[in-house]
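Take a look at this one; I'll ask things after.
Labels A, B, C and D are assigned to the chains in the order they are written; within every chain, residues are numbered from 1.
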Amino acid sequence: MDKKLNIIKEHESVVRSYVRNFPAVFTKAKGHKLWDEAGKEYIDFFSGAGALNYGHNDDHMKQKLVDYILDDGITHSLDMASTAKVDFIKKFQDVILKPRGLDYKIMFPGPTGTNTVESALKLARKVTGRTDIISFTGGFHGMTIGSLSVTGNSMKRKGAGIPLQNTVTMAYDNYVDDHDSLTYLERFLEDSGSGVAIPAAMIVETVQGEGGINAARFEWLKKLENICRRWGILLIIDDVQAGIGRTGTFFSFEAAGIKPDIVCLSKSLSGYGLPLSVTLIKPEHDIWQPGEHNGTFRGNNHAFITATASLDFWKDDSFEKEILEKSEIVREFLTNIVTEYPEIKGEVRGRGLMIGIASEVEGLAEKVAAAAFEKGLIMETAGPNDEVFKLFPALTIPKDDLKKGLEIIEESVKQLVKDPVTN
Amino acid sequence: MDKKLNIIKEHESVVRSYVRNFPAVFTKAKGHKLWDEAGKEYIDFFSGAGALNYGHNDDHMKQKLVDYILDDGITHSLDMASTAKVDFIKKFQDVILKPRGLDYKIMFPGPTGTNTVESALKLARKVTGRTDIISFTGGFHGMTIGSLSVTGNSMKRKGAGIPLQNTVTMAYDNYVDDHDSLTYLERFLEDSGSGVAIPAAMIVETVQGEGGINAARFEWLKKLENICRRWGILLIIDDVQAGIGRTGTFFSFEAAGIKPDIVCLSKSLSGYGLPLSVTLIKPEHDIWQPGEHNGTFRGNNHAFITATASLDFWKDDSFEKEILEKSEIVREFLTNIVTEYPEIKGEVRGRGLMIGIASEVEGLAEKVAAAAFEKGLIMETAGPNDEVFKLFPALTIPKDDLKKGLEIIEESVKQLVKDPVTN
Amino acid sequence: MDKKLNIIKEHESVVRSYVRNFPAVFTKAKGHKLWDEAGKEYIDFFSGAGALNYGHNDDHMKQKLVDYILDDGITHSLDMASTAKVDFIKKFQDVILKPRGLDYKIMFPGPTGTNTVESALKLARKVTGRTDIISFTGGFHGMTIGSLSVTGNSMKRKGAGIPLQNTVTMAYDNYVDDHDSLTYLERFLEDSGSGVAIPAAMIVETVQGEGGINAARFEWLKKLENICRRWGILLIIDDVQAGIGRTGTFFSFEAAGIKPDIVCLSKSLSGYGLPLSVTLIKPEHDIWQPGEHNGTFRGNNHAFITATASLDFWKDDSFEKEILEKSEIVREFLTNIVTEYPEIKGEVRGRGLMIGIASEVEGLAEKVAAAAFEKGLIMETAGPNDEVFKLFPALTIPKDDLKKGLEIIEESVKQLVKDPVTN
Amino acid sequence: MDKKLNIIKEHESVVRSYVRNFPAVFTKAKGHKLWDEAGKEYIDFFSGAGALNYGHNDDHMKQKLVDYILDDGITHSLDMASTAKVDFIKKFQDVILKPRGLDYKIMFPGPTGTNTVESALKLARKVTGRTDIISFTGGFHGMTIGSLSVTGNSMKRKGAGIPLQNTVTMAYDNYVDDHDSLTYLERFLEDSGSGVAIPAAMIVETVQGEGGINAARFEWLKKLENICRRWGILLIIDDVQAGIGRTGTFFSFEAAGIKPDIVCLSKSLSGYGLPLSVTLIKPEHDIWQPGEHNGTFRGNNHAFITATASLDFWKDDSFEKEILEKSEIVREFLTNIVTEYPEIKGEVRGRGLMIGIASEVEGLAEKVAAAAFEKGLIMETAGPNDEVFKLFPALTIPKDDLKKGLEIIEESVKQLVKDPVTN
């Protein structure tokens, strides 16, 4: 193992990050578990940062994928038509969009989250003829220049090496105590002397992952949608991390009762951790020229196959109920932690299985995650100062193992609280 | 088939493009061949726009991939260490970098071409503290705002909906008759009153694919490298399309004798058409902060597995020789076409198996490609006005089938020349 | 007269504006009065938008100017040394800066307001190495691209024809009811995930003229200064319109007890309506390279002569007292207007002799100004929707004529209120 | 004198520049002569960098100005109508525009060169709906962000502290030996894959002053105009420095036979060294909204008065003939200098009385100017490396004194050539 980590250290760029927090060489994975080369087993409360909502290597999807490969199904097809692609489009319409009363054209903008965000921003500008995008404090939308421009993190923004332009930052929900941040947003738009132009679009996550597991209230989202309607601003929901069941429903915005103009999906969309992304567009806004946006890997058929298989989870409401039950278990547990360990000055944040504890104690969240890793649980931190430890279990995790994971967290917290000197 | 194409038409965004030129639903693929749902067979002179240099579904890679999946090898790992990743890094060092005397750190910037380009531009700006990038007429580097800023195509640039900034366009080799374009480039840099700042980097393709199969002369590339050295400008070779053997060697720049500061690879890197990309960085420039650039799918283990297997092609020089032989066949054929059919006012362009004919007859290249498709050959066009038909056969295509493909092209040309009225 | 206005109409660009509101051809001017070609006399409550605080053609300055011209004193000297310039610098130090305990280097950035603002922004960026500037809603700083970028008015911003960059707009004082706008500003700066970078500078007017005669509270300004100190942000006070006595003191910020890093002065600086501007810079920030900013008319000696003469107004505190008395007369008068004519839904705004009434009745302010013009009073409107009529009498106006002007305003208001149908 | 220079040193910003080259305190000026406080007389071959083409304090203008001031003519009028303004507009039409067959609307954009350039760029963007401006190597257009964006000098560009955007630099005439730079410009525009968008406008000086006294050939300007016409690009001639007779005709572009869409004038426009500028606009492009661009000092009546008086120089062609004769004297003289002193490796550059010698000997031009100053001649240097000494005598200088000035130059050159060690 050491030897392999040395190869990484010697040859991979210093930009690498997770390997620093999880210094192991992983080999196998199944459902909610991982194993490293030494045979150590880990419970996965990380889930590929939201790309593995159905767990690792789901058997149903795996079977479909292997069959497809063995049959020499076309692998790479750009945006030529393929059977695998058509099947995915059809099933996505039938299982996801139609039952929710949603009418969207599907765009394949390239296989990653940043591809869908970039395509959404371009299209909003094209549709409205305006240049600015309003984004929100704490937002994370990607690392290429367009999506980085609407991302809040200052370290990552500086990484651009150029000023990031054509965007305006507004305060997310609950940004300042006891004040509705949309009051300012509306005032800025109403006032023709404000210096803030009517934007092409607003891009927002209903729950911010990287930003620190901040969940916007439904009424805030609803009001935001109303503001967008009032000025003809496109509402883009970036559901890359919060979507595909993470908050309890397929789309994270369902419960808020809003209908975005554009929706960005990726991460868990393929179901199997394979790169896939779509941009959903209200038909009236689908005014692209052919090829005006493209990408070499926009036709990743392996991902179409597993994505199609994954949609079986959504054929009825049983999966939603299951997520809800687990969410309540986790929320109750975290609420108890905060109460029982006041030393961590914690606050429970999030919605569904996108949840965590923000601690005012500097460095504590990282220590909890590190201690948990030692004990066989993988979990990451979030927030501008990594002040949140973030629970992202597979939505499919059995309750027993979910509880096992929670116990590891409690042990880690307990240990840190009891023994603060040595930590 | 019609029904499936209708699903595409009804539900997929109008941005789709290749399906318009190749109106078939593809199911299976092997080596240099494709089959559609009706069972029609096609010879593939398109190769996924350069993503399938080893052909479709290569048996050796396929076996490795299926074994890995069946064994529940970890699929998605971000930048945690995995056995599959370490194996790839090691073999890439051993088979590719070391034998060529190249010393690069490997960065995994996300799985597509635009990810590697964006990471390269960021890093060059960080290393130099400068903001501008010099790119070249006819260049194509991607569709996200950073890489689009260095891309030449005006339709795609307008798609940004905002002015594209911090870049300066210079003339590629042979841009104006009988004049060395670097004379101007050097003058601009020497003259402190020119309005052109010393840039962070120059980004260039040794052969431009989308731009119209323009091959830069080796001496031009060498001189470009010297200019970069003189002013401490980083030289970025975007080898996404021209790399991985397409021009005859693994890297397209080998024959020119230059050593870029940063190399961008993607497309055929995984060998199997799976999304994978790396940014190669001279060690002295590898000054990222951890996580300063990242991406959810930067650890695509299926692609690591096939990429590692694909490197066997490069264990000795037999594959290079094979490409060379086929290149000569194709070049000779195209040269004859130009001579025998003066009506097409054609010019042979390109290098290795990245080659085509530019025709001064408006619309002709597209008609040739359309006629060839009818006859069972898939081939695309390139250039700002689609004036080039572009031959991108699998590098592994048997000579017999290569010649079959060439015959279809000749028939298509002949038909168009003979019967110009009805076309 | 008609003939001359026709020449304007025929030959001057349609961009002209004041001539539309004041359709007369002016010939002579003295103190607080103007005369048109027909001999009609006007009381001037406009004062060249703040460029004529000492009234028109002050006799003392006039004498000095004529003597200088008759003596062939050098007129145009760029930034060569001239006697007139040295005399101005010396007196400005002795009469203005030293007595107020201010230590500033004086820069001559070109003769207009936008020149000083542009120089201030450049310098702040150079000093801090940062790119962004924070400006405020309702701010007006000039019409060239740099100063327009920090100006709020949307019509004027669109006039740029390009996106305006490297600036962030924050809410001015009293922007939203019952909420301190600096709460958000501080939160944005504290939060490294906010998307708002620590800026090079904040630029602010203590009283906004064009923005609608909004006066910031002293405690707000003081808090703003503290925020700047906390993060090493330069505080730029744009005193182009509010300075030179308009609010009661030479600098408008004196009463707030703050010490800006950079101060922008122009408009009434020459005293006589001649183009002159200076940028005052704390010595530690004076790090320009020679000639790094320049301008052909930065050495306007006629303006130096009158500016030097005008400083006599500030040799003791009598002028300040005089302004204060008149301010109280005007404020009392306007307060009465608002009370006695509730139909105008008015609110008194401003400080010193930079004061006006904002009316919620659409179009009313413009009608008041138009009616007053008919009656021989020149007064302009301000605010994003021209909702404020703005009183800018000469600071030197005798109280009798001040009252005469106020009576015309009351008559105009009365007439509009009584006879709303025909207006 | 020392004391006064000390005041400058102590209190004026370090950005000051000319006072460093001409360390004297100037008091009086008349025609082509200046005097410092010590009574020393200087011949002026600098002419306020082109702002004093008619010399200092011309008696006719002076009389008109003093009369106006004594009569309390309105001094500052923004863009209200004034008698002085109307008279100027009328006479400018009658004496300048009509006789030359030019039909332009006159805009008063603020009183300096950068104001007119900024207004021209804005308008061109508004008219065309495009964002980019093409400018040329060696161009100088001003110091505010808009005009700085089209200025070539790298030191001044860096002074912006932000990347300068929405501009593309092309090579000026004679930029590279034996190659017509417009070949590339046309190719960039023709090629939709070039990365260079069709711009809103091109802005160019017919002779570049700051850029090093580079004179474009008439055929180059003519071809440039044709390119603009072909693509609907607005042609902006920045005649701030080369205009008002400096090259022999009122507009510098007359001899080239072109008709720009927009012309920028300032510097010598007022005739007396007072700040004044106009933007001339073809009537079909005059589509501003009222007040969309403005400026406090756009109505500088003192300057209107002297400008109107100065137009008497252009009532017939005698002044043009006079300039021509003097130009020939100077050109012959400089040609001889280059021949007789081969050690200076000189080249004569320029047109009319905008002329100088570029020397390949590093530092020589500055030494010549310094030596001349010692001998009582004021002359500046130009070019990116100050490699040109630049002769800008008043156009009205008597031939005797012109020759005296030339003799001083020859003496200075001779001294430097003979005695290279001590210099």
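By our rule, a residue touches a chain if its C-beta (ideal position, glycine included) is under 8 Å from a C-beta of that chain, and two chains touch if they have at least 3 such contacts.
Just so we're clear, the structure is a prediction, and the values are computed from it rather than from any experiment.
Engineer: Looking at CA centres, what chain is most distant from chain B?
Structural biologist: Measuring from the centre of chain B, the most distant chain centre belongs to C.
Engineer: A-D or B-D: which has the larger count of contacting C-beta pairs?
Structural biologist: B-D
Engineer: If you list every residue number at the chain C and chain D contact, are more than half found on both copies (same) or fewer than half (different)?
Structural biologist: Copies use mostly the same positions to touch.
Engineer: Averaged over CA atoms, how far is the centre of chain C from the centre of chain D? Could you give it in whole Å?
Structural biologist: Roughly 30 Å, centre to centre.
Engineer: Distance between chain A and chain D based on Cα centroids, please, to the nearest Å.
Structural biologist: Those two chain centres are 58 Å apart.
Engineer: So, what's the distance in Å between the C-alpha centres of chain D and chain B?
Structural biologist: Inter-chain centre distance comes to 49 Å.
Engineer: For chain B, what residues touch not just one other chain but two or more?
Structural biologist: 131, 155, 162-163, 165-166 - these are the residues of chain B that touch more than one other chain.
Engineer: So in the complex, which bits of chain D are touching chain A?
Structural biologist: 162-163
Engineer: Taking the touch rule as given, give the residues of chain A at its contact with chain C in the complex, in rising order.
Structural biologist: My answer: residues 131-132, 135-139, 150-155, 157-158, 163, 165-169, 171, 175-176, 179, 181, 183-184, 187-188, 191-197, 211-212, 383-385.
Engineer: Could you list, by residue number, the parts of chain B that touch chain A in their complex?
Structural biologist: Of all residues in chain B, those touching chain A are 4-5, 7-8, 11-20, 22-30, 34, 37, 48-52, 56-57, 62, 65-66, 69-83, 85-86, 89-90, 93, 105-108, 110-115, 118, 121-122, 124-126, 131, 142-147, 149, 155-156, 159-162, 165-166, 200, 240, 266-267, 272-275, 279, 281, 286-297, 300, 302.
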